[in-house]
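Shared chain: chain A. Partners: chain B in the first complex, chain C in the second.
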Partner chain A sequence: MSRFILKRCWQAFIAALGALTLLFFVQRLTGDPTLLLVPEGATAEDIAMLRASLGFDQPLLVQYLRYLKDLGTFNLGMSYVQGVPVWDILLSRIPYTLQLTAGAMLLSLGLGLPIGVLMALQRGTLPERFFQAVVFTGQSMPTFFSGILMILLFAVHLRWLPASGSDSGASLVMPSIALGLLTLATFARVARTAVLDELGKDYVRTARAKGVPLGRIVWRHLARNSAIPVITVAALEISHLLAGAVIVETLFAWPGLGQVAVQAIEARDFPIVQAVVLFGAVASVGCNLIADLLYGVVDPRIRHTGGAQ
Partner chain B sequence: MRKSLGIYLAGVFSAILLLAVPALAAKDTVVIDLSNETATCDPHMQWNQNSYGVYRNIFDNLITRDNKGMIIPAVASSWKSLNDTQIEFVIRTDITFHDGAPLTPADVVYSIERITDKATASPQRSQFEAVIKAEVTGPDRVVFTTAKPYPPLLAQLVKLSIVPKAYVEKVGKEAFNKAPIGSGPYKFVAWKRGVHILLERNEAYWGNKGFFPKAEFRFVPDPGTRVADLRTGKADLAVDLNPDLAAVIEKDAVCEPRVTLTERVAFLRTNNGRAPTSNKHIRQAIAYGIDKQGIIDGLMNGQDRIAHTMLTKEMAGYSELSGYPYDPEKARALVAQAGDAAKEELVFATAPSYDQRIVQAVQQMLSDIGLRVRIAMMDQASFLKAVQQGDLAARPHISFGRWSCACMDADGVVYPLLHSGSAWSQTRNADLDGLLDEARICLDPEKRVELYAKADKIILDESYILPLYQVAYIYGANKHLVWTPTPDESLFLNRMRWK
Partner chain C sequence: MNASVPGVLEQEIRPLPRFGARFRAGAAAVPGSLWVFIAILAGFALMALCAPLVAPRDPTAQNLLARMKAPGSVIRGVSYLLGSDELGRDVLSRIIYGARASMSVAVLAVCLSGVIGTAAGLLAAYCRGWVEAAVMRLVDMMLSIPALLFAVITVAVLGPGFINVVLVLGLTRWTRYARVVYGQALSLMPQPYVRYARFVGAPGLSIMGRHLLPNVFGQIVVVATLEFGSMVLFEAGLSFLGLGVQPPTPSWGAMMNVGRHYLDTAWWIAGFPGFCLFLLVLSVNIIGDYLRDRMDPRLR
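== the complex of A and B ==
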């Protein structure tokens, strides 16, 4: 088990390093942020001076080695634009991203799974058609569109929720829904398929023939056996949520990592972009690792021994 | 049962309403939605609109501008020229920083030297490097020396924020950025990263005290969300709206658009060092072929003002000239005259921060007169690099731009954009260079206007650059907020009131 985890961590390390190296060079290939920092009309001499102070006058390889050395000591550098350590920015933003991701996950799991199960059990009936429409809408509406509609309805017309900000629990509601809608639809779809698969199996037929109530079958037997695909999708969806946060956080002025990523990319604040990518890599690798471990818990047939799965 | 429930609910709601009424009556925090997070509150370490709006309330500047754009005293109560290259400022002695320390002439000298010192690597250096020496000459006197006569000096010094020497030297750059201390009408309270900056009124302020005890600057990147904040009363003022959003709140009960013409001019830069835009006929054809008023009326809601030169009425050095009228027939004739040269595809560079509808309209108008134009969209940094680095022959033929020197002076506009010695210029004309060099050191205002008029005449005849319109800036404000936007895009809290 521990060898399995170690191996996975090593793989994750290599993957993250590869991603960061690629990012490092791609960002710098397209120029540096100096011109965005100076006033219009700044002299060539002043531009060169500022460029040198940010270290961009050094050969690319020197810059890269310096970056690796800093990374080795967990030094993420200073923001070019804000002049504060990147760690400060990262640490102040992570809690908001976690809150929003948790909110969206809670919503999509809490509603998506029951809807999926219901759709499987009520196959071919009116309720299934209704939920199918809901799922379809959730899946096909882009977040920037559903988000704007929600702001108009719930903030401007009904005045129930604030349009922007992060100062109360109410502020979290709309961003969570906007972000979670697509994931909700995905969970409903996956749960429906998984349950339908299991419903046709012998043990379910036997249980029903014995007169076990449907609710009990669902809870005691189906839930566990349908869990594997759901866990796989959940792990993948976390990366989707982190990516979707880019739009949702900008729209609702939610101060998470997605928002800071967009701003940093626009401003070419490389150290921040690199830190956000590093966080994203660690988060998605971590989630997949947890999912792998959960397989074993849910299904004892899956064993993590000696690297074999 | 149902009746008693109704009574209960009515009771609850009226209790809430009772709570809400006094909150409305005593407005103690003004809330402003900015379009992005403030970069830093250190007034010398950035060049950024969303920082300027905030830090200008924490710091006093050496001199400032009133709402009409006139230069008026601030930290310096008066000033006089000692000779062509020296100016003496009388520094007020009744100003204290927020930590109680008095503001002295030494702080003024330190502030400008901090920017011009190469070791500081201040992005603002180019604004102040004309000043080669600053010295304290008395208990309330400071003298600035420039290498050559420099007429825009006062206009540039409007941007010089005074920082406390002792405090900055004691705590260092990073700590000063986190907890800035100035002498301005508002004190820094807190900065929640990504969320807001809170300020409180400086009760000991020497000048106009603010009306609101507190101020909150929020960071709301989406303009539609800023409008929603205004309409729901969450924000009292929002920056940077577009004409469509302005139309949305035109008839709103709570808020309204407030528009000002800025000193910013939108223009097309034509590359005079690359064929075929090196051909005068092609450049003139472009000038005749663009319907500026059509763009303003059709796309900008009529709020911007047509521009014939790169200078606006509010700027020092401005003189009125008329430019090319919209005349597509004449444009087509000029294109025909250019012959084969006109068949080459023109690269039209633009970036996402510019209004793409205008870029596309320009492309359409130019194809209507027989030119082939390809839009090259790039991110802002690549765009800036493309238009101001490398050989002229490698730069795009046409590029969109919106220029402001934030100094309201012709020198800050025409020199960097058209003098051959500037990286931002795509023009090489020795006569023009001579005029611009002469105007740059001419201290006689009337002679200066004459020189710039001559320069503008050359620029117009050759159509070196095509000014489109003076840019209107649209704010959204709560109807109770008494505040007038200014051409220099300032957000002075002590010039705001609630009615």
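== the complex of A and C ==
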């Protein structure tokens, strides 16, 4: 078991390192990142000074090693506009994004999984076709359009919920739904396929032949056996949610990482943009690692052989 | 050919029906409700292609006397079927031209990423060894960065604009093709015809192009269809954040970004482009899903 965990941690570390390296080179795409950092209208002298002070005149390899060292010591640099460490800004905004992501995840798991199971059990009936339509709608609805529709209905016309801000728990409702809709559709599809796959197997037929009630079969047998694809998708979806948060937070003025990233792009405050994307990459690698470790918990066969699915 | 078992072989090596006949047979199998979505997609494509002919007015022409007029208003003999925006521009004309921005970015990005991903997948499956390792590790790395965030930071570095958005989406979204093509091509490698081609010394390019590619092409089309929907959404998302096609060129995402500030007084500025976006993506997803089910032998 510990070998399995160690191996997965090592793989996740390599993936994270790769993602960070990729990001480093993306930022060097234009050759000189100093130009991204200076305010418009800076003199050539200012630019040269900043370039030297940030070490961008050094060879690429030296820059890369310094970048890794800074990351290793959690030194993300200073914000150029606000003049405070980027790490502090990041820490103050992370809780908001986590709340939003958790809200969206809760909604999509809580509704998506039952819908998917129901679709599989009621195959070919009217309820299935209804949910199919719901899933297609969720899948094709851009977050900013569902957000705008909800603002129109619940904030402008009915005045039930606040259109923006983060003053109360009610503010979290619409952003979570907007962000979670696509994920809900994905979960429903995955759960449907996973349950359909399992329904055809012998142990289910045996259980049904013995007269085990359907609810018990779903709960005791299908849930665990259908869990692996759901866990895989859940880990992937967290990275989608983090990216989707950029748009949802902008729309609802939710003070999370996404909003701070968009504001930073407008203000040309590049260290913050970089930090947010780094956070997203590390978080999604982390979630995939957790999913890998959960496979071992759910399915003892994986734990013992240590093999990949 | 072995003449001693004529029946078996003759049955198996039936010549394919002519393309026209195959097309008619395929079209007849398409369920009626799907034609609705095919028509919607074709409508949007036509709108994008013939924008100057279809659009009632110049999408950038401002009329400050006709600001934020409701859909159906007629101001001095000019009718605004879908209303006007905060600068008095015709929303319908802007939506028609916006379809052009959306679809051209999506088509070009799908082509670019499709070519890159297919080439990478074929190379990885054919060459194996370090090429395979390098390609598949790169795919893993790119997948571990949330796609929209990756696009956002790259566009922020390169600067917004039509070409850059196409480049960024094309260069970041090839991973899905690479995975699908790699998996398929790998399963084809032990096939007799591929082994025979290698045995007689056919060059690698010819094996990849003439033997592997035609057999994975169907899968590529399915991925491309579904990716087209994602690309439309990505373009709209980037435009919504101000990183896409730049004004004055109209784009749906940018229209929604402006319109969201006027939701209580002029919902149509954001509402109609949003609905078009939804309709387009829904049609593409439904068509893509149908194609995928048709391609999947388990579901047939």
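Criterion: the second predicted complex is superposed on the first by the 230 of 309 C-alpha atoms of A that agree within 3 Å, B and C clash if a C-alpha of one lies under 4 Å from a C-alpha of the other, contacts with A are read in each partner's own complex, and residues count from 1 in each chain.
Operating definition for what follows: a residue touches a chain if its C-beta (ideal position, glycine included) is under 8 Å from a C-beta of that chain, and two chains touch if they have at least 3 such contacts.
For clarity, every value in this text was computed on a predicted model and none was experimentally measured.
In the superposed model, A:G103 lies in contact with neither chain B nor chain C. Of the two partner chains placed around the shared chain by superposition, chain C is the only one that A:A243 touches, whereas chain B remains out of contact.
By the document's definition of touching, both partners, chain B and chain C, reach A:L152.
Look at A:F136: by the touch rule set out above, it reaches chain C but stays clear of chain B. Touch criterion met: A:E266 reaches chain B and chain C at once. Looking at the shared chain after the overlay, A:V84 reaches chain B, while chain C stays out of its contact range. With both structures placed on the common chain, the touch criterion links A:G180 to neither chain B nor chain C. Legend: residue contacts after superposition of the two complexes on their common chain; A:L251 is shown touching both chain B and chain C. Shared interface residues of chain A (contacting chain B in one complex, chain C in the other): 30, 33, 36, 148, 151-152, 156, 163, 250-251, 262, 266. Considering their complex, residues 30-33, 35-44, 46-47, 49-50, 53-54, 81-84, 88-89, 92-93, 96, 148, 151-152, 155-156, 159, 162-167, 250-253, 255-256, 259-260, 262-263, 266, 268 of chain A touch chain B.
The part of chain A that touches chain C in the complex is made up of residues 15-16, 18-19, 21-23, 26-27, 29-30, 33, 36, 136-137, 139-145, 148-149, 151-152, 156, 163, 239-240, 242-244, 246-247, 250-251, 261-262, 265-266, 270, 273-274, 276-277, 280-281, 284-285, 288. Interface residues of chain C facing chain A in the complex, by the touch rule stated above, are 137-138, 140-142, 144-150, 152-154, 156-158, 229, 233, 236-237, 240-243, 253, 256-257, 259-260, 263-264, 267, 270-271, 274-275, 277-278, 281-282, 285-286. Every residue of chain B that touches chain A in the complex is listed here, in rising order: 33, 36-37, 39-40, 42, 45-48, 118, 121, 123-127, 129, 173-174, 177-178, 192-195, 218-222, 224-226, 228-229, 231-232, 234, 379-382, 384-385, 388, 403-406, 412-413, 415-417, 422-424.
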